[in-house]
Each structure stands twice: as C-alpha cells, then as structure tokens.
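Before we start, here is the structure in question, set down as structure tokens.
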Amino acid sequence: MDFTQFNDAERKHLQRMMEQKQMSDFFKMYNTIVDRCFNDCINDFTSKAISSKEASESCVSKCMDKFMKHAERVNQRYAEVGAEMMGGPK
Amino acid sequence: MDFTQFNDAERKHLQRMMEQKQMSDFFKMYNTIVDRCFNDCINDFTSKAISSKEASESCVSKCMDKFMKHAERVNQRYAEVGAEMMGGPK
Amino acid sequence: MDFTQFNDAERKHLQRMMEQKQMSDFFKMYNTIVDRCFNDCINDFTSKAISSKEASESCVSKCMDKFMKHAERVNQRYAEVGAEMMGGPK
Amino acid sequence: MSFFMNSSANQTVNMQNMAMAEQELDMFTDLFNRIVSSCHEKCIPKTYIEGDLNKGEAVCIDRCVAKFLEVNKSVGAKLQQISGAGPNA
Amino acid sequence: MSFFMNSSANQTVNMQNMAMAEQELDMFTDLFNRIVSSCHEKCIPKTYIEGDLNKGEAVCIDRCVAKFLEVNKSVGAKLQQISGAGPNA
Amino acid sequence: MSFFMNSSANQTVNMQNMAMAEQELDMFTDLFNRIVSSCHEKCIPKTYIEGDLNKGEAVCIDRCVAKFLEVNKSVGAKLQQISGAGPNA
C-alpha cells in the first residue's frame, strides 16, 4: 500500500486500525497452529488416558516450533519478493 | 472472559454485541451443515432427476441430525473442559 | 432479501453497504483463484528456475479461465434456482 | 439508540434491521462461495486441458448448484422445524 | 477519543477494551468452530447409517475435545513463553 | 457524510478511502495466510522429527512463496486485462 497518498490524520487512523488488527491476526494464527498441530499429531482416541502423552506432546511441540519458523520464513520471503514484484521502484 | 473487569455500561455493550453475533454464528453454522452434508452425501451428478432422491435425502437428513448432536456434545465438553482448563477456580 | 420492507433511507444505507462489500468480495474471489490454481498447477519445488514455466503458466492460465467461467455459471444458476426456491412468487 | 434520522429524507434508519440485513447478505455470499468451492471440487478435474468449460462440466455444475440448494432447503426446513425460527430460506 | 459517556448510567465505556473483548470472543468462537470441524472429521464416519451419535462416536468426541484443548493449552503456554504476552489461555 | 474533521490536525479523514485501505490490507493478510497454509502443505511433511526447518524444507518454502506470488501476479494481470480495474497487484 502506498502511504504517501494519505494525510497525517488518515495515517494516524490507519495505524490505529492496524494495531487493532494485529491482535486479531495473532489470535487467528494461534488457532491455526493449534488446529494444524492437533490434526497432524493427534490421531488416537481409543483411550482416555493420553497413553502416548509424551510422544504426542513432543509431536505437538515440534509441530509448533516448525510452524512458527515456517511462517516466519514465509513472512521474510513475502516481504522481499512481494516488494520486488508488486511495488517495484517508483 | 472475565466479566468482573467491566462496568455496567460495558457489560450492556458487550451483551448487545453478543446478541448480534449469535445470529451470524447461527448463519455460519447453518451453512457449515449444508456444506458438510452436501459434500458427504451428494456425489452423483449424472442425472438431473435426483434418481436416488430418497436415498440422498435420507443421508442428508441423518447427516444433519448427527452434525447437530455432534456440535451440541462438543459445546458441552468445550464448556466443561474449557472452564476447568482455562479459567480454573479463582 | 425482500427490499420492500425498507424505507428509502434504509435502502440507500444498504446500497452503500453492498457497494463496499463488492470490493472485498472481489478481493476474496481473487485470492481464492490464486490459491486454487497455485495448488492445482504448481507442484514442483525442486528447481528455482521455473523449468516448466511455460507449462505451469499455461496450466495457471487455463485454470483461471475455467474458474471464472465456473463461478459465472454457478452465479447464473444460483440466481435462477435460488429465486425459484427461496423467494417464490409473491 | 439504534435509530438515527437521515438528514436528506427525514426517515429513520433502523440500525438493528440494517445489521440483520447485512448478516443475511453475508450469509448468502458465504453460501455462494461454498457452492463455487464445492461444485468446483465435484465437477472440474484438476488437469486443465482447456480454459473453457466442456459440456460435461457445464451440465455437472448446473446439477451441482441445484442439488446444493436442495440440501440447503431441507436443512433450512429442519432447522425451522426444530428451532421455530431459522433463516427464511 | 476511544471513550464515551453512557447516558443512562453515567459510566464511561472504554471502546478499546470493548474491541479487545470482541476479538477475544471471536477467538473463542473460531476455536469452537475448529473443534467442531476437526472432531467431526476424526470421529464421525461419512456413511450416515443413523441420525444419532452411537456410543463409540460420543466417546471419541469427548476425548477429541479434551485433547484439542490440551493442544491449545500447550501451544498457548509456549507462545506465552516466547512472546511474553500470549492470550490468557 | 463520509468525511470528518480531525480535531488535532484539522485534516479531513476520507472514510471511504480508509475503508478501501482496510480492505486492501485485509486482502494482503488473507493472501499471506493462504501462502502460509499452502506452502506448509507442500513443503512440510506431517511427521515432525525435529522442530527446526531443515535445508530442504527451507529451500522449498522460498521457492513456494516465489511461485505463489508469481501465480498471484499472472492472475492479477489477467483480471486487470479482463475487468480493466483489478487490484493494483
């Protein structure tokens, strides 16, 4: 987005909006990780006692770590390639 | 959510908001059921006449019943386990 | 939706709302096409050079054309069947 | 509180009705997007040999939309039967 | 700017807190919908022989919800550990 | 009606432009989330042996993002060609 088209008051307005969205984006990402790692790691519902608790916890833990590193890397590339592709030099 | 942190005016505000969301949540759940039961039950597009109409209707009908009972049960457990896990006694 | 229940001021309000939604609907559809055609057409990440660039571009291009014609046709049927089914003659 | 006067027409705009109309509109848009997605899955093969819809795909789409809306109708009927106050579909 | 007086009660409504509460509420609704969807996928076979939940399905759902919320808890704990300010889940 | 004066700066805020900027922002967020999801599907195996990205996964992600944005670009070009007024992507 080209922010030079906006005046100060508008930029302030947009910044407030983006700050508010940040939290809902965080919540959404949080639920996405839970959803993804639950679905990839937890497939045994035969016992109430989470018999393989350690195993599944370890899977969830690794899944979470990997997801965050994945999203972080996508974010870097998105910023680089996106800037190059969409904005380009003016 | 801990409602004791809000004053009366804020609680009233939140309640109005929740009432409004209730309808859109209902609509979303409604579309989710249609989507799910269509995709699970309807797989024959070779004839215009819904040749196996009774069969598919019966599948849709059972699918719908089961989905609602499923969501109801999730809701119960969500409330129980969630309360226990997230809030805990104060 | 039955618009006869609304007064002029309300109709104006709704129209403004629908105009605003049009753009976000367009954006959503745009991202849906990209997502769909990327997932259906691009499956080779072994080389940086998009070796089969022409091939994949051609797939993406056809996928996009087909998706838009598909959505257009769904829109026509949705309007026809939907009108018949939901509203019916008054 | 949820009413205000429209200066040009001197008519009140019932904001609660506006919010309900907006939600109904969103529901129809969501329904449409789900039909597009489900019927694409059911009718369009993932090998894109041509950009046009062929006869078989077109016919499949028509039936798919009709059947989706039929399912929508029976779910709606059942929900109304249960809750006494489903959406007017 | 993000405060206004409520005429009836003379109490200020902190709009920023209201927005945060709304987002938190939306998060719980989203979480609930994801559990419904994931546990339906894991516990309910796509052949609908009866409209009722049978014993096996019911038990599966109970465990599924509990395990989903456990995953939610461990992800939350880890996020808080990392960021120092995760959601209070 | 869709303009108001900002008390501090005496500048008008064009609410329609603000709404458009918000929608554009939402579109980029949606795009980002779709890339995260699609590239996770394409590049990360569901067996989580380690918490770190290995070399192959990292390289796959880089190419995946680049190719996704390329598809985004060609779809955008085509839409603009057709409608004459696509998003400025």
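When the chains are written out, they are named A, B, C, D, E and F in that same order, and each has its own residue count from 1.
Methods note: a contact is a pair of C-beta atoms (placed from the backbone, for glycine too) under 8 Å apart; a residue touches a chain by one contact, two chains touch by 3 or more.
For reference, the UniProt names are A, B, C, D, E, F = Mitochondrial import inner membrane translocase subunit.
Everything numeric in this text was worked out from a predicted model, so none of it was measured.
J.: Fewest touch steps from chain B to chain E?
T.: Minimum step count, chain B to chain E: 1.
J.: Using the contact definition stated above, find the chains touching both chain B and chain C.
T.: Neighbours common to chain B and chain C are D.
J.: Computing the C-alpha centre of each chain, which chain sits at the greatest distance from chain D?
T.: A
J.: Contact counts by the stated rule: is the higher one at C-F or A-F?
T.: A-F
J.: Per the centroid of Cα atoms for each chain, what is the distance between chain D and chain E, given in Å?
T.: 26
J.: Between chain A and chain E, what is the separation of their C-alpha centroids in Å?
T.: 17
J.: In chain D, which residues are in touch with two or more of the other chains?
T.: 24, 26, 43, 62, 66, 70
J.: Name the residues of chain B that each touch 2 or more other chains.
T.: 28, 41, 61, 64
J.: Should the pattern of chain-chain touching be classed as line, ring, star, complete or other?
T.: ring
J.: Follow the ring of contacts from chain C in the direction of chain F and write out the chains one by one.
T.: Moving around the ring in the direction of chain F from chain C, the order is C, F, A, E, B, D.
J.: For chain F, which residues are in contact with chain A within the complex?
T.: Of all residues in chain F, those touching chain A are 6, 8-9, 11-14, 17-18, 21-22, 24-25, 28-29, 32-33, 35-37, 39-40, 43-44, 46, 48-53, 57-58, 61-62, 65-66, 69-70, 73, 89.
J.: Please give the residue numbers of chain B that touch chain D in the complex, ascending.
T.: Spelled out, the residues of chain B in touch with chain D are 20, 23-24, 26-28, 30-31, 33-35, 37-39, 41-43, 45, 47-48, 50, 56-57, 60-61, 64, 68.
J.: Spell out the part of chain A that touches chain F in their complex, as residue ranges.
T.: Interface residues on chain A, with respect to chain F: 1, 6-10, 12-14, 17-18, 21, 25, 28-29, 32, 36, 40-41, 59, 61-67, 69-71, 73-75, 77-78, 81-82, 85-86.
J.: Would you mind writing out the residues of chain F in touch with chain C in their complex?
T.: Residues 19-20, 23-24, 26-27, 30-31, 34, 38, 41-43, 59-60, 62-64, 66-68, 70-72, 74-76, 78-79, 82, 86-87.
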